[in-house]
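Pasting a structure here, questions to come.
Letters are used for the chains, namely A, B, C and D, taken in the order the chains are written, and counting of residues starts over at 1 for each.
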Amino acid sequence: MTDTSLHRRLPDRLDTPLKSAVLSWETLLVLVAIGIFIANSIASPYFLNAWSLSDMTFNFTEKALIALAMALVIITGEIDLSVASIIALASTLMGLVLNQFGAPTPVLVLVGIFTGLACGAFNGWLVTGLKLPSIVVTIGTMSLFRGIAFIILGDQSYGGYPRDFAWFGQGYVWWVISFELVLFLVAAVIFYVLLHHTNFGRRVFAIGNNATAAQFSGVRVDRIKFVLFCLTGLMSGITAVLLTARLGSTRPSIAQGFELDVITMVVLGGVSILGGAGSIIGVVLAALIIGLVTFGLGLLNVPGIVMTIFTGTLLIIVIALPILWNMWKARRA
Amino acid sequence: MNRLLKTREIWLALAILAVIVLVTFRFPRFSQPANLLTIFNDTSILMMLALGQMAVILTRSIDLSMASNLALTGMIVAMVNAAFPMIPIPLLILGCILVGAALGAFNGILVWKLDIPSIVVTLGTLTIFRGLVFVISGGAWVNAAQMSPAFIQLQRGSFLGLPILSYFAIAVAILVYILMTRTPQGRAFYAIGVNPTAAVYTGIDVGRTKFLAFVLSGAISGLAGYLWISRYVIASVEVASGYELTIIAACVIGGVSIAGGIGTVAGALLGALFLGVVNNALPVIGVSPFWQMAISGAAILIAVILNARGESRKGRVILRRAEGVA
Amino acid sequence: QDGTRIALVVKSLGNGFFDAANKGAQEAAEELGVEVIYTGPTAATAEAQIEVVNTLIAQQVDAIAISANDPDALVPVLQRAQERGIKVISWDSGVAPEGRQIHLNPSDVNLIGETIIKLAADYLPEGGDVAILSAASTATNQNAWIEAAKAAIPEKFPNINLVATVYGDDDSVKSTEEARGLISAYPDLKAIIAPTTVGVVAAAQVVTDQDLIGKINVTGLALPSEFKQFIDNGASQAVALWNPIDLGYSAVFLANALVEGEEAAPGASFSIGRVGEVTLDDTNSAAMAAPFQFDASNIEEFSKIY
Amino acid sequence: MTEPILTLSGITKSFPGVRALNDVSLELYAGEVTALIGENGAGKSTLVKTMTGIYQPDAGEIRMAGGQITLPTAHSAAQMGITAIHQETVLFDELSVAENIYLGHTPTNRFGMIDWKTMRREAQLTLDSMASGIDASMPLKELGIAKKHLVAVARALSVDAQVVIMDEPTAALSQKEIEELYVLIELLKEDGKAILFISHKFDEIYRIADRYTVFRDGEMVGKGFIKDTPQSEIVRLMVGRSVDQIFPAREAQIGKTVLEVKGLTHPTEFENVSFSVRKGEILGFYGLVGAGRSEVMQAVFGMTRPSGGTMVLDGKTVAPRSPADAVEAGIVYVPEERGKQGVITGEPIFKNVSLPSLGKTSRSGFLRMAEEYRLARTYTERLDLRAHSLSQNVSTLSGGNQQKVVIAKWLATLPKVIILDEPTKGIDIGSKAAVHEFMGELVAQGLSVIMVSSELPEVLGMSDRIVVMREGLVIDTLDNKALAPETLVRLAAGIVEEAA
């Protein structure tokens, strides 16, 4: 590093955008996704079929919707473990208004969404207002939200959702393109723009990289974190609508264990669990990969639990690979 | 100052007492020694696991794989026992501890050598370990009929009126207490949690210390694997599924700080005991079991809010007036 | 594709009861010359079962025979399967009629309900407190049996006092804890009735551990191979169960009949091979046989079979 | 001529973007105090860390008592008999004082168990020998900063060492405690220990050191005996030029009051702090470390909530509840801890600069990168930032250049008042001059500058008026006309009072 290499007039960047794109995490994920797609096509004759592929999307769209918002939360260095419980509570309250007051579909949807939002706001308040660590807060609210669902519903279930309500979880917009898939794609675009092309997104990254310095730079850290928890709650509420519509019934145990799948998607998508780095494209690709893996193995009638070995190993390997690669490079240097 | 440190545990102990007293009003039999011992015995496994988790959390890490480790070790030991009933139980227990420790070491190595955040590593092994349970068992359960009587009966024996299972918990608690307060290694767990940079300055290898914490939590999970299986006399894929969060909850209620460096053996034990007492009390006083989950969620939130209040009260004082006699 | 493929979807893999059913299903497969795919989720949840059904639809199997984790939640996906030309029957634990063409009850609901109470009452000549430890609160078949049992008590077993119904979720830990809870909450409890193979083992173990053999009688539905020791040690006097092997066997026969073009309608009767014949009722349900009782006299023999 | 106990030669150590040490050598002698002298960032602390096993040198060798040694860990250094009081207090708040002293070399009994009794007793003995008045069994977090520093000293002394290194041990101590430390150092000398003493205070050096070694920009530029060397010679070695020229002469165009702070109070940190700053003025804040200056500034900046007091900016009352409010009002703050509070490491230069000005560079909330680059270029080039590109990660910049990024960030918001907290701490000489020059330019443009500094020459050289703080109180506000440095030191240390 000599002085001559320092430019008087500072260039914007040295690497071309293309070069950095080629070397990115997303490229790695695209390659993995293509690999699994090909492997699936070879392994099962039933895979390459429009309806199969359409059915496959149901394996991930709901979780991926939450993963979009969760990615932002994790980028700021926080976490929300309560998403699955928010779904349970939102779904239960939808069932409650339906069965008690015979509420029509639009009201059901609003109840789902607002319950999610309220739960998210509660988490956000505990984290930013009371300055509590989010991992602990959301472990608590995880039991609390689902617990309320159990109190309301006990061993009962709610059913009898109207036909037009079911469309949210079972309907097709066009041919094999389901409403869930369309909603997910639209949400992905919105979140992509939000995170990568707005001031808000820029501040989210700044908080994740260094929350103190961000605050010292005039970023309203608490306000942004609060909004993000609300957003995660909102997406959980929307997911509650989809899932309830797809199942056509509500039990307090609905969506049990979703949270870990969602976080796996986010982390596999290249979002740093320590905060400050990640992309929506990565998360979308990770969701697709998980969908491909689980559906592909399902076609071979591999039990779900064995699939989790694949996803768990994939997670560790994909995270470890770049690290090992860097270590190897450093050793050679 | 020591008083201040101790208050957290004392408050928790008082809370537990309060629950017991309240329940006793409605149901006198609840506070009979026999019932209290039963609760203690019922909570033994959770107490041990909470101690293992505490060691990991002290080092600013987290182990989400404990319950899966427990299930895997438990399945292995159950299958070994079913196939070779003549292997003496102490040997099996030793084997469990070693297998559990090895699984923990796998987590630890990834955290130490590759510097992958522990939450990612253990999120991965959480699913891998449980998947392996299915793979090795082919999905079949090992049930009471296949286990040897010694295997099942060991923890059910009692000594001085207390079941053997309780002694396991007491032994683990004593060992961890000695480790945490009497050995340089134990203090290293605290040191790297309080201030990792300063720990390096004092010659502590941060990575290696985290590794050892994972080995410890793994070994305890392994031991708990045997105890769990022989207690519930069924080994299946679903054993203790989702229990990892209960373990963390016990730690949090017990005042173990998720940011590392703060936590005591007594706190973790009381945290687990609190959950145990509440779970036992609810059905007895006729509260619907459906309230149980919401109540433990609320308990976690209240505990963490109280702990945070306690911590934020200390502020640095630079005014001579405020410092009093300086 | 070549031969007929029938998927036998169970509530969760690794459950001894379903493994036994699979034995019978494979037997039927051989007899009929069809292929049986034995599958299911590892956790007994509706969501996981839906994913399994989705992949079966993609594989274009000819028929699905399912023991459902939830009677309603599986309806949409099973309807979609039917739209794609797949025959659907439920067995053991049913789905709502919209979701399937036939439901095969292992036995008659009322008969089972009555049997589980009778198992307890037989050994309580004076009467007394009994409690039920069920599977998941959402389990269709258990709920139906419990309803039937409650209905039978007032007339047929007036001195039996049902004090509580708790749910162990077919999870051995939860079941154990619920059983403990029952025992401490109801000091005068005389019997625990567990109409589930997981719960009954857990309850018997608790009774054994707490030295309550002779004070509390555990009974319900149990697999003889898993339960033998508790009959032997006296924690239980008698339990009952139908034959899961026959159940799996019959389910495959029914599914295959539909694939071969037979129509499911009230009143129609189907041959179920060596087990005999069943007739559909108004809801297209059929019942296989009365539950069979196991006690000290015959447990040895049956524990070797299933 | 005696042989040195410890010899370092050819030591080189680089960090990304900085060569902190370049082929330096150093000798330490038994029973003698060697002073290591050099400006901020000269590499002194880095050398200490290579001598204590915390950093591994890229090249060079360490010899002790004739033989070559390696120090792979901090533990091995302690075993070799090298101990240090580090510049940062590297202690554990949640642990007891005794444990802080002994962690890493705790006394154990024959079962390998920690011998708490011995530990507490020994720790208490060490503390008492320093007349510290600290109880070894209390938790460290209950001590003030000066006491904590004493614990760090006790920690170093608890190791049975041949070589004792002290990196600015007196920076946080009061006069009385410093005297105790001198006594201790004499005792160590008598014991035949070799002592390396790092300090920026010449009076101290001349009082206790026998030899000196001077570093400049990571290189060893001179050494010798203190007795034979005049202070001016050492300063010339240190800085490479004569001292008076460092501060730019400027003509103050001072206008009306811009910011008026009255009676600002915080429950634990400071009380009744009042001051005002005028247009075109540099207001210096002087005090010892821990005097509470940073806390006052952070309250003005909305970072902490004061319990009382008022602030008037341009005739309007302001009460910022967050830094964002303060920035909106036109008050900005360049924090002291650059890495933690100043730059967002992990993000490129242009994102750092544009962060508070996103409102200006974006259109209805959507980013416009081209605008960001333009904004960043405008301000970083004005500050003569040395970097390869605007997309370079700030963490790869040297300290001085990071500081420029922080300042550029704030200038882009067009503030009214800019607060600089230790603006040249850890900055190399060249950048330091640039920062000073730039402060002159800022006030010339009509901004108001508040400069917190512990460096006496800087305060005297730059300020129009000086506020002196001690223990959370404003002691005095002085016009910077023919002020004697001693006056400030005395006010800051409270020596006047004690004499009276």
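In the analysis below, a residue touches a chain if its C-beta (ideal position, glycine included) is under 8 Å from a C-beta of that chain, and two chains touch if they have at least 3 such contacts.
Molecules present, by chain and UniProt name: A = Autoinducer 2 import system permease protein LsrD; B = ABC transporter permease; D = Sugar ABC transporter ATP-binding protein.
Just so it is clear, the structure is predicted and the values come from calculations on it, not from any experiment.
Common partners of chain A and chain B (ABC transporter permease), by the touch rule above, are C, D.
Between the CA-based centres of chain C and chain D the separation comes to 74 Å, rounded to the whole angstrom. Chain B (ABC transporter permease) and chain D, compared by their mean Cα positions, are separated by 43 Å.
Centre-to-centre separation of chain B (ABC transporter permease) and chain C, using mean CA positions: 36 Å.
Taken residue by residue, chain D touches two or more other chains at no position, since every residue touches fewer. Across the assembly, chain C contributes 13, 42-43, 167 as residues in contact with two or more other chains.
Counting partner chains per residue, chain A has residues 154-155, 256-257, 303, 305 touching two or more of them. Taken as a graph of touching chains, this assembly has some other topology, since it is neither a line, a ring, a star nor fully connected.
A list of each chain pair in contact follows: A-B, A-C, A-D, B-C, B-D.
Against chain C, in their complex, chain A makes its touches with residues 44, 46-47, 49, 51-52, 55-56, 58-59, 154-157, 159, 166, 169-170, 243, 246-249, 251, 253-257, 294-295, 298-299, 301, 303-305.
Contact residues on chain B (ABC transporter permease) toward chain C in their complex (touch as defined above): 29-30, 35, 38, 42, 134, 137, 139-141, 143-145, 156, 228, 231-234, 236-241, 279-280, 283-284, 286, 289.
Across the interface of their complex, chain A is touched by residues 62, 110, 114-117, 119-121, 123-128, 130-135, 139, 237, 242, 245, 248-249, 252, 258-259, 288, 290-298, 300-301, 304-305, 308, 312 of chain B (ABC transporter permease). Residues of chain D that touch chain A in their complex: 17, 301, 303, 322-324, 326-328, 333, 335, 340-347, 349-352, 354-356, 358-359, 362, 365-367, 373, 377, 380-381, 385-392, 409, 413.
Contact residues of chain C toward chain A in the complex are 13, 37, 39-43, 45-48, 50-52, 54-55, 57-60, 70, 72-73, 75-76, 80, 84, 136-138, 167.
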